[in-house]
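Order of writing sets the labels: A, B, C, D, E and F. Residues in every chain begin at 1.
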């Protein structure tokens, strides 16, 4: 029924919860994740540009915005299934492609079909914009898993996600933006302090005493 | 790390929400769904037995309890993907089997491995117990979709689920228990009345008047 | 503490729920809203471009992505308060600006400050990109309120929001993209059908009968 | 451990959800319910006072604020159980009393025990303040069930609650405040209109046309 | 539409979540918060009375119950915005006042307007009842932030809230009730112990051993 | 209205949240709990059978599936109330029985009433199947409370539940399945490691360094 179906489907992305089947302190949906990835990609591309790299901004945004949209058609298939064999990966990519093609042909006016066909294809290629998407996607995943570790989620999975995200990011350390992330952003993340209970008692006592002293003066 | 991992995994089923990516008034998790399917299967098997069918009760319960456990390994793959082609279906079944095998070998003591290998295999076969599972699974899905339709979920998907669930149930209408369901339970479900607003006004007025009359006496 | 604070703040947008203080069937957070607005703006700009309008794509995306970011500093101030008087509106805009300035100066490296200063300023100006943002923001609000009306939220507020959003969109009906929306998308939205209970009984009966007929053949 | 335990227990009332075991569109907790009952009692007492009744305001507030606090000790016992027999009702009341007594003796400083013993006893007596509590408690229950009916909760239970709440309120129709409620508030509640979908189409068309007309002028 | 609108608005307070835009382990709504503040104020006033202070109980309850009601009109404006300048604070106060005035005139019967005008005005004045409200409001905020710190919320904000709440409470340490809080309640709060994991192992072992010993006897 | 009411009631068990009135990181409903208890009972019975015990499998499953169903009629009565006196316990059991009897007579076809009367009676008797139910119920409670302790729930209640659950399990340590649990499963539960923040830093550094080294080669 046309573009209305496309607009309506955006709201379905708000009901797709990432990492289902695991207890999390904070849930994230695919729409919000896509937003964060796009904002992170914006920063990374800014750093690249400042370092002399030519950036196709339109492409950066298109890739980041749409990178998880196909999950609407396929659902959340666990990574080990997806990558169980070369065959299954190829077949799966094929099915996904057919579903996107069907959706575009059915819902989009003819004059926009080619444009959306392009927008909804796999974005993580070797171009600088494709690399930025790969890194931005993993940085948000790193933040999501860090959020769970920091809240002391006992599930080892989040530690594994943190580890493998960082490893993937590091594979792009030839990029200035990744070097910037490693040198300036990651250290701040690791320095996030947790206010220990002992400090709670100290601050309480100090407030009480301060008052006491003032009163005596 | 042994059976502890298996016990712990049961709680992951509580975090697997059925039908992700769609707005629902009431969410259902896989653990609760499995409970309801087992209770429904219990009733269906009771009807079958009363109608002279021999029932292997142990098998009824094993099939119903475990029928969605493998989703822990594979995640929620949308049906259209799963059934896109014969090839992909076969490959997915194969991957699932390997994952279950790996889990059993790693976590269960040797003397119980064969038992769990049997328990965790696909339960919907042609035996009377397998057929009961097929029907019970769809009856719960019928109730879940009916619940959304009754609460006036505007998403056509739930109507489609209701329709296809009922169609599947009807394919088993050679079973006494399905005939019992069609004749005695489904009509009551359809007769669930909704209290219309007009009735709200009426009942309000009648309470007010009743009181008025009493006071005058 | 630098860009880490900025990245972390994106997650706060996931905890800002739109339209607080009112019962809603489906909640939306500011991060997901920003994603949807950006995707809608992408479509509108595509239509404009196809109709001969020159589009600065980088600007379209920057405006849409960042348009609600300042809510992190100010919180959700109800519109009637914000627009109670010219004075309060001016003062409020001033405070917002100071807070953004403070954030940029404290958190961003010097070489990126000017870029972010530009990105985080009010985006709804008279440029074609500014107009597209105004329309996209209201289309998402229209969909959010339509979703509540369709689910039969009895709160008149959502009808008022629907009405005023549509009125604002209509103020931009000199745009080809708005004409496209009115002629092709809005009619489909209004034709969304609700499956009435009578149809539920009919489809149930038809499935039962179909089976009956087949069996008799 | 003293009054700290009492203050902390207030937060447990926020985790006690009313009417458990039933699907509701909007959940209410005991803390929020107690707040609403107190505000409603405030209004009812105001009406009584204006009609010449002498009101012990301190008592009105004490009764309303504390009327559900004992649920912390007993949990949510379904009404049919509670009132199954005279014997069980008497025994439950006795157990509740003992638990409150134990809590007061253990947690409150001696000089305040008598005061809290008085505050935490059953408030719904024959005094004007006790009657106001009885009515206010049922008015909030009426609003809670009306909210579900208005959102079209198909569960007949909420209609039954609406009905029995109104019947209880009517037993106090010798009170001016109940007459005020029946004559001025209840009619407005019943007149809450629901915006029908036909109206949605009309308003949409009217906005579109208005614009059209303006443009032509 | 009269007092019905006022009663209905109480339920909107249940949908106003305190401290939006931040991850919290436990959410609190304005209705429940108002309840807790009123109960805390009740205790504080009890202590004051026992220490010879004359208390206007009606006023204590009115102030506590209504202190956050105006948030229905204004929404949650972040404190730094509200207090950015003397001018903006004055203007906001003015707007709030006008909105309350409009609500009272439109919804309340004439004979109750003056009473509610009085009830809904700013309650934190210099009277003993106003001071009790200021303290009770901050004690509940202290408990809310303590709850997050105790659950190990890594967000520094909650530590800042804890600190500034306690500082405000201390400004009222000329009150007997504040002295009582500092001397008897706060120490108990700080002594809340957390069961460390080592203790978990110990208790487990001790239960196992106890049993072992009994069996051997 | 027949078995439909029974099927529908299963969904009410999904809305009964265990341990109401207390903050929990992860909620559990009665339907999901019943599922987990049945799965745990299945394992325990398997161990018993392997150790030469004769098992009535049908009974094991019936007892586990139905053990909390009566909560639909009675609600969640806090244990201290339930066991306050012998009298109250007896009366309460009597009321529960009457309610179940009424439900069965009203909803079930005559030919199944006797079967369900048997299924819904108290399952924790001295038979091997009854003992397995007692143990399985407590093992799930142990896991639920362990989950809260591991997530660092500061509420001492969960430690008390952990302790008393383990003590009850130990009372059945004449069972091979309990010995298996103590020797093989409990130790793994206690060895669940929590990834400390120091390890987070280490793993981060090691990933960074590994990359560095590779690059230099």
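Here, contacts are C-beta pairs under 8 Å (C-beta built on N, C-alpha and C of every residue); 3 or more make two chains touch, one makes a residue touch a chain.
Everything numeric here is computed off the predicted structure, so don't read it as measured data.
Asks: Please report the minimal path length, in steps, between chain B and chain E on the chain touch graph.
Replies: Steps on the shortest route: 2.
Asks: So which chains are sitting against chain B and chain F at once?
Replies: In this structure, the chains that contact chain F and also chain B are A, D.
Asks: In steps of 5 degrees, what rotation angle do you get fitting chain A onto chain F on the CA atoms?
Replies: The superposition gives an angle of 120 degrees.
Asks: For chain B and chain D, what's the span in angstrom between their mean Cα positions?
Replies: Measuring from centre to centre gives 36 Å for this pair.
Asks: Based only on mean CA positions, could you tell me how far chain A sits from chain C in angstrom?
Replies: Distance between chain centres: 21 Å.
Asks: Hey, how far is the Cα centre of chain D from the one of chain F, in Å?
Replies: Each chain reduced to its C-alpha mean, chain D and chain F end up 33 Å apart.
Asks: In chain C, which residues are in touch with two or more of the other chains?
Replies: 11, 13, 23, 25-26, 147, 150, 152, 186, 194
Asks: Building nodes from the protein chains and edges from chain pairs that touch, which of line, ring, star, complete or other describes the result?
Replies: other
Asks: If you go through all the chains, which pairs of them touch?
Replies: Pairs of chains that touch one another: A-B, A-C, A-E, A-F, B-C, B-D, B-F, C-D, C-E, D-E, D-F, E-F.
Asks: Tell me, which parts of chain E touch chain D in their complex?
Replies: Result: residues 1-8, 10-11, 13-14, 26, 28-29, 31-32, 34-36, 38-40, 42-43, 46-47, 50, 57-58, 61-62, 65, 109, 111-112, 115, 119, 139, 143, 147, 184-186, 188-189, 191 of chain E touch chain D.
Asks: Could you list, by residue number, the parts of chain A that touch chain B in their complex?
Replies: 11-13, 15-17, 20-23, 71-78, 80-81, 84-85, 87-88, 91-92, 95-96, 98-99
Asks: Enumerate the contact residues on chain D facing chain C in the complex.
Replies: Residue positions touching the partner: 25-26, 147, 150-152, 192-195, 197, 200-201, 203-204, 207-208, 211, 215.
Asks: What residues of chain B sit close enough to touch chain C in their complex?
Replies: 23, 25, 149-150, 152-154, 156, 159, 162-163, 166-167, 170, 173, 182, 186, 190, 194
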